[in-house]
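Several structures are given next for inspection.
Two complexes come next, and they have one chain in common, chain A, joined by chain B in the first and chain C in the second.
Moving on, here comes the complex of A and B:
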């Protein structure tokens, strides 16, 4: 005999549901959203879609160079960011860091990186090194550090500290403790997060073009401004396919590692 | 015997953990080079605390521990590493890098002997590789050198753990419940390995055990701990059931004997 099923906490469910409803209502009013208006104007969206169809395949060859640039930006961003995120993540992991002050400083540094959006970094670097792909690559490096270091420092905090202690016990240094004791336990996670960051970077490099940081996004912005929607559709299609392919490849690599 | 390495001395040593738990109290103990000592006591009696004080993994809060006349307790950084280099440790849970090959796990025992820039890039000198291979030969599994550690059985993994300690060319080996995760047959093999290595190489060996019959069978000298204090210190040949009752503070039962676990 299993015990009787405990009764549901109805008051809590009702309060929660009412709260969510009220929040939605309040937000909808705030931005002037109305279901009626939305349904009336949906034809505008339909018109845009109709104008975007079919995608202009004759435009495809001219996308090759900007697309390669996007890929290059994403690769450089992932590699530089991936390398720099290693010390940032390690020092932000409570169990591995080199003292409270360093841990606290690094944590906050990481939080600042993550709080500021990739577009901000793109504008910053575009101002600093000039418009173009280099600014994009630098922006994505920072973005990659933010993504990988946050996720990976949490993986590092959850490792078993027995092995690092064993490395200490043979007389190993802090670096040797990291290399032989800590990092091998979190290596799979690191590769996973780096691949994930790469996917994000390919996607982000579309947006980066909007502020002049190079890549396929710059072409997208120009074509959109000229109302060339069939070309815009072609560009979106290319990025979509690229992201899907990258996802498939990284999924395969992750399976290999497991 | 005074020129031989591997002497351990506790002088009025004590460990009080944050929170007030006493791990060691008024410990006065001298272990001669080359001795094989088994430490017994119920869980929480301070067996691990005692071992871990020898290589400074646990710090004393009073008194001192000396290894070959050098005080462990005040050492930091480079000095502490120089001392740990001479003290090998074997763990209940083996603590191997599972994704690395056996030989690379054994080479970890050479870390303190090889410059840091070399270890960072796995540029192990041939001399050190030879030592690692010899260590594997001594525990009888040289053919496993290139196998991934994760694919080995428990007993084999513990042999790799022993080989890693041997690769340090240590004066002392500390074995913290080395057989607690192994089956009875493997347990006896590992205990025999430890005894043989102690005899062949003269490495001072301290083993924590919780099975009384194992302690009696393999120990030469038995040390009993209770609430962090030394309550028994004598030969394994003369230890009586009465002594064990005093150490454990209760009648001992079948749970305290490995042989009974096999039934």
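Moving on, here comes the complex of A and C:
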């Protein structure tokens, strides 16, 4: 007795497939995608790589200050964003929030924050407070709120509600309920998301300078404009090594916590 | 009982130390970049002033000039996601430790390196190769998508039930047949959900690529802000937020349905 094979939903398959094909055709046309062009220009890529090699190691000492500035921006962004994301996440968690209207407003606020990429925030803050690292730090703060609060509000929604209800039942206030009943249960997730946000922020802070928001990206932009590709390569190398090291450290800490 | 109390105390000690170190790093950073309390105090007034400039948005400019550039960002993100999906699927299978222990290390190294590059750095290299424009952006997004999708895909493959794989092989099937009939059916729903999620991320990534001349809406925003056309910049923001919200909602809904089956 072989069970009958479930029949396929042909209309759905056809509609999906034609949508995917149409999207791809429209996009490929729109951006001028062409394998031929890519293959023809690949020699140019070889020349570029040759120009980038070897990286200009004598340039390394001058990268120290901008590099530290980049880390400073990432740290400030993660701390400010990490603190502010606590209330945003709590009020966006259905089981902990203070009422439907607040929940709805906060949730939409969170989703709108999430729509704009890090460099858009950097451009906006650079316009508001002037070019420099302060704009970058503010941009990453907002970006961090968007990252942590979305993820953490989902962790908060999946906690065991017995403990918070017990705190309420013995007369605890809403804040006491959060402090003793809800947040300790999701604390590990919070730390892990904060580390993840820090990783993203280090990566983002490396390029903030492209729009004038401080850090190592500022000199990257200057060297790129002057076609100093050996120096660009040095900067890229530093960024790459830094990102990989930070990722390793943060993964090690996360494993310790788990 | 006493054992757990001691452990508890140690934990609190660790957390206090961590808080102390983070606070010290934070204050040092604030000092180093010159982010003084006075500056923080002036912030609300500055923000309010700039926000005032943004109103009302120049929507005529929005429909004429911004909408096509957002469409271009979506196109870049779509092609980037397709490149990422096509190349990452075989890599994700090869990168699964439980199936191909020999290849897994190499694949992990490839995906870690491509992930470490911010897209915009890749774009900086692709722009001189294929010229200014959206094609360079799509290649940059595609390459960085391969890295992340490979990593997530390998994790999905490693977490499957290996019963069916053994069953296919026990019945005399080859490795390829095991992949086709035992592995792929188990992993595809989750992998497709990752593709969609990556598409959502790629829209944001492609939106900023215009900053280095790789097409899309980022360049428009940079120029409007540079020339202080705040009403036009406002149109960029309004349309970007609106369109990305809609795409997120649709894609999120599809992801939930795929995962539920």
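Assume the second predicted complex is superposed on the first by the 233 of 258 C-alpha atoms of A that agree within 3 Å, B and C clash if a C-alpha of one lies under 4 Å from a C-alpha of the other, contacts with A are read in each partner's own complex, and residues count from 1 in each chain.
Quick note on the criterion: a contact is a pair of C-beta atoms (placed from the backbone, for glycine too) under 8 Å apart; a residue touches a chain by one contact, two chains touch by 3 or more.
These numbers were taken from a predicted model, which means no experiment stands behind them.
In the superposed pair of complexes, A:162 makes contact with chain B only, with no contact to chain C.
By the touch criterion defined above, A:171 reaches chain B but does not reach chain C.
Between chain B and chain C, the partner in contact with more residues of chain A is C. In the overlay built on the shared chain, the residue A:19 is in contact with neither chain B nor chain C. When the two structures are aligned on the shared chain, A:104 is found in touch with neither chain B nor chain C. Of the two partner chains, chain C is the only one touched by A:204; chain B is not. In the superposition on chain A, contact of A:184 is made with chain B only, not with chain C. With both structures placed on the common chain, the touch criterion links A:44 to chain C but leaves chain B unconnected. Once chain A of one complex is fitted onto chain A of the other, the partner contacts of A:214 are limited to chain C, with no touch recorded for chain B. When the two complexes are superposed on chain A, none of the residues of chain A touches both chain B and chain C. By the touch criterion given at the top, residues 23-24, 26-28, 30-34, 37-38, 41-42, 44-45, 48, 68-69, 71-73, 75-76, 79, 111-112, 114-120, 123-124, 126-129, 132-134, 137-138, 203-204, 206-207, 210-211, 214, 220, 224, 232, 236, 239-240, 243-244, 247 of chain A touch chain C in their complex.
Of all residues in chain C, those touching chain A in their complex are 22, 25-26, 28-30, 32-35, 39, 43, 46-47, 49-50, 71-72, 74-76, 78-79, 82, 112-113, 116-118, 120-121, 124-125, 128-131, 133-135, 137-139, 204-205, 207-208, 211-212, 215, 218, 221-222, 225, 237, 240-241, 244-245, 248.
Listing the residues of chain A that touch chain B in their complex gives 162-163, 165-173, 175-176, 179-181, 184, 187.
If you check the complex, the residues on chain B that touch chain A are 55, 57, 81-85, 87-89, 91, 93, 95-100, 108-109, 111-112, 116, 119-120, 164-165, 168.
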